[in-house]
C-alpha cells in the first residue's frame, strides 16, 4: 500500500495525523481529569483502560498504518494479542482460583 | 545475487522484508511487556486491598501528563518526518526528526527528575512491590527510548546520506524505525494510567 | 547469479565474521555440538556420584577439589548447568540455529536469509551468552545451582544465579533475532512457485518453531529482568513477606510471589519443549520420505498438526504447576489442554509410521536414526500422559520418572533426529558422504545405551525416588529396592559417551576421505539438492530455482525415475 | 649504622614482648543456674551413636562455682596506640570440629586472614552455614566423606552465629579480630590474654545470651586482673 501513495494522498494523511494528535491530547486530558473524580476503583480501572485502549488503537491504526496494513501483519498481531491475553489472565485466574479454595 | 524484496514489496505478501521483520520484533516486544504487565496484575491482586492505589499516590501526575504529551508529540513528528520523505522534502525530514529527538530528550530529562525526586524521598525499587514494578516498567521503557534515540540520531545525522543514493530504502528505514517509535509511545499510553492514575 | 562476480574474501570475512547463512549455520552447528558435549560431560561426572556415592571421581576429580569428591553444592551446579547447557546452548541452537540457518534458505530456494547481518548478530549473541554461562563455573561463587528452572526463592538466594540470568538475556536475544529472521525468510524469500503447501515439512517445522520462539521467549526475558532486579536492586517480585530461610526470617521488602516466576517461566518453557522436538520431527520427515521412496503419508495433516501443536503449546504450561496449590478449576483446565495437545503429536507420529508401510526402505545411517526416533519419541510422549493428569502427577512429580520421560523426548528423540539430519545433509555441506560403517558403529551402541540410561529411570521414578538427590536416594528407605540401577545407568552413560567417538571421528575423517558425491546423492526431490555441494557462497544456487511440484514426489507411477525434483516442469513428464 | 639500628629495634621489640603484661580474670554468673536441657538428636542416628552421653544445650555452661564457660573476652580498643602490625597473621590454624553433632568449640575467636579448619569427625552429612553480617556468608555441605575444609575471614566482625542446616540444634559463635588479644573462658570461667604491651585498654566480655560488658584496664609489666559478673538474662529461654 505504502508505495502507492501519491502526493495528494500523503497530504490527506498529514491532515489525519493532525486530527489524531488532537484526539490523543484531548483523551490524555480526559483521562487525567477522570482520575480526580470520585469513582469506585472498578469504574476507574475500566474508564482508564478504555481511554488507553482508544488512544492505543488510534496510534496503531493511523501512525502505524495498521488500518491499511496487509492481512499477514494483522494475523500475526491477532495471534500475538491472543497469547498476550492468555499470559495476562491465566496467572490471575489461577490466583483467584487459589483464593477460592482458601 | 542480492536478497530480493529488501526495497520493493513481494507481490503476494505486499511487504518488504524489513517491515515484516519489524512487526515480528514488535510482536515479541508485546509479549515482553505482556510478561511485565502480567506481573503487574499478579502483584496488584496479591497486594492488600487498595495498597497499589495508596502507594501510587506519591507519583507526580502533572509531570507524567507533560511527559505523555511530549511522547505523543514525538510520535506525530516521527510520522511527519516519514511523510516528508514521501513528499521528497528532505529539509522538512531533518526538521521533524530533530524535533522527535528533542522530545525524546525532554522525556528522559523529566523521567530523570521524577526518579531523583523519588530517591530524595527514600523511595526505591525495594520499597514495595508497586515501586518495584514501577521502576522496572518505566526503566525498561526508558531503555527503549534510549535505544530508539540512538537509531534515530543515526538516521538523522550520519545515516541520512543514504537519502541521496537510495531514497526508497531510506524512506523504508524511516518507516520501520517509526513503527518501533510509535510502539514505544503505545506502551507509554498504557503505562501512564496503570502506574500513575489507578 | 553468474553475472555477479565474487572477489575473494579474506579468511576472517569468510569464516568468522561471515554473513553467509551457511557459514553461520556451521558456526552454530559446531558451537552447539561442542556445548552438547560439555553438557553431557557434566552429566557423566554427576553419574559417578550417583553410582558410587562419596568416592573420589577418577581422572577429573582434581577439578572438584583436592580430595576429588563431588560435593552437593557442585552437584547442584552441575545439574542446573547440564539442563541449561543442553537446552539453551545445545539443542535449540543446533536445531534452529544450525539446521534452520543452513537449510531453510536452501529448501525454499533463497540466496540467503532475509537479514544476513542480523543473522550474524544472532550467532554472536549466542556465543557471548554461552561464554557468560560457562564463565560462571570459574567465579568464586560457582555456577547457578537452582536447576534449569531457577525457581525462586531458592534462585534468589543461591550464588551464581546473576550470571545465569545475564547469560540467559543474551541467549534470548539471540533466539529472538534468529527466529524473526527465519520467519521473514520463509514468508518473503520463497522461490517462485513454492506455495505454502509445497513447502517441505522441515520448513513448516522451522516456521512453527520460530513463532514459538518469537512469542514465548519474551515473557521469560521479562521474568529474567524481574529476577535480576530481585537479586541486584533488592526488589521482591518473587519473594513473599515473612519468608523464612533456614530458620531465619529473610530481610526482604516482601509482597511478591514465587508463583509469578513459575507462570512466566513455564509460559516459555512449555513451548520450548516443542521448540526442541519440532525441528527434529521436520528432519525425520525429510529423511523418511527420502529413504522410503514414497511421499509422506498425510502431508496436509502433518502441517496442520504442527501448526495446531504450536498453538496449543501456549496453553498447557501450568501442568508443570499442579503441585503449587493451584485450584482445581485451573488444574482441570490445564489437564484438559494437555490431553488435547497429545493429539497432534500422535497425528504426526502416526503419519510418519504409516509412511513406512509398504516401502522398500533404504537402511542407511540417517534412516536408522530417523527410524529409531519414532519409537523413542513414542515412549517419551506416552510416558508424558500420566504426568499430564493432576492426580497421577502428584505422585510422580519431581521423580526420576519425569527425568526419564523428557529425556526420551529430547535425547533419543530430538538428538537422534538431529543426528539423522547431520548424516543426511553432510554430503550437501561438504560434497562427501559420511562413512557408513562408522555411522552404524555410532548408531547401534547409541540406541542401546540411551535406553540403558533412561529406561531404569522409570523404575526408580515409579518407586518415588526424587530427581534432585545428590546421593541418588541413598538416605531413603523407599529407594533401597531400586538403587542398584544407578550403577547400570551410569555405566550406560559412560559407554554412550564412548559411542560418540566414532561420530566425532567420522565428521572429520569424511571431510577428507568420505566418498565423493554429486549434487543429489540421495536422489531427493527438495530444492536444496538442486544447489551445488557445497552450495555457492552467498548465492547458493547457480540459477534461481523455480518450483512446479509438491515436495515429495517419490515413486510416482508412470515416471521413469522414482523421484521427481520440485523444480521439474510439469509439462514434460518423461 | 643500619645494622645498629636494626639491632636496637630487635632489642626494643624483645624488651617489649618480654615485659608485656597478661590480662587474666574470671567470669562468674550471679543468680540461679538454669538447667540445660538435653539435645534430642533422634533425627540422625549417627549423631546419637557418636555420643556416649546425651549432650545438653550449651547456651549457659557453669561450673560448681558459677564460673561461666564460653565467654569471649577481647581487647575492644587500645587507648595507647595500635595493637599489632596490620599485616600480622598467625601461622597457627584455628580449628572447629563437628563432633557428636555439636560444634567443638562452641565459641571461637579467629584473626583476620587466619585459616580456620572446619573438621567433620562425625561421618554424617553436615552443612556448615556461617551468618556473618560483615564478612562473606558461606554455606557449605560436608558429606561424611569430606573430612576437612578451610575458610578465612577478611574483615573484623563481632561474634556471629554459625549453624548446621542439616541438624537444627547445632550452633556456634565466631568472632573475627584484627589482633591476637582475645580468649574464651574455660570450664572454670577463667581466661587469660597475654602479650599486651603496657598501656590503657578497653576490654570486653561477650556472652551469647547474657550480653556483653566492658571495662577499662591499665596493663603494666606485672599484668592485670579483670573479672566480670553477669546477671541472669532478663528473658529466660
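Here the chain labels run A, B, C and D in written order, and each chain numbers its own residues starting at 1.
Simple rule for what comes next: a contact is a pair of C-beta atoms (placed from the backbone, for glycine too) under 8 Å apart; a residue touches a chain by one contact, two chains touch by 3 or more.
This one's a predicted model, so the numbers in the text were calculated from it and none came from an experiment.
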Interface with more contacting C-beta pairs, comparing A-C to C-D: A-C
Just grab the chain with the largest centre-to-centre distance to chain D, centres being mean Cα coordinates. A
Determine the centre-to-centre distance between chain B and chain C, using the mean Cα coordinates as centres, and give it in whole Å. 34
For chain C and chain D, what's the span in angstrom between their mean Cα positions? 55
Could you please state the distance in Å, as a whole number, between where the Cα atoms of chain A are centred and where those of chain D are centred? 66
Chain B: which residues touch two or more other chains? 13, 15, 20, 24, 27, 30-31, 34-35, 38, 42, 46
Would you pick out the residues of chain A that each touch at least 2 other chains? 72, 79-80, 83, 87, 91, 95-96
Looking only at which chains touch which, which shape fits best: line, ring, star, complete or other? other
Provide the residue numbers of chain B that touch chain A in the complex, in ascending order. 8-9, 13-15, 19-20, 23-24, 27, 30-31, 34-35, 37-38, 41-42, 45-46, 50, 53, 61, 65, 68-69, 72-73, 75-76, 78-80, 83, 86-87, 175, 178-179, 182-183, 185-186, 189-190, 192-194, 196-198
With touch defined as at the start, can you tell me which chain A residues reach chain B in the complex? 1-3, 5, 7, 10-11, 13-14, 17-18, 20-21, 24-25, 28-29, 31-32, 34-35, 41, 44-45, 48-49, 51-52, 55-56, 59-60, 63-64, 70, 72-73, 76-77, 79-81, 83-84, 87-88, 91-92, 95-96
Residue positions on chain D within touch of chain C in the complex are 125, 129, 131, 140-146, 163, 165, 168
What residues on chain C touch chain D, complex-wise? 54-55, 67, 69, 71-73, 246-248, 470-471
Chain C-facing residues of chain B, complex: 1-5, 10, 13, 15-18, 20-21, 24-25, 27-36, 38-39, 42-43, 46-47, 124-129, 132-133, 135-136, 140
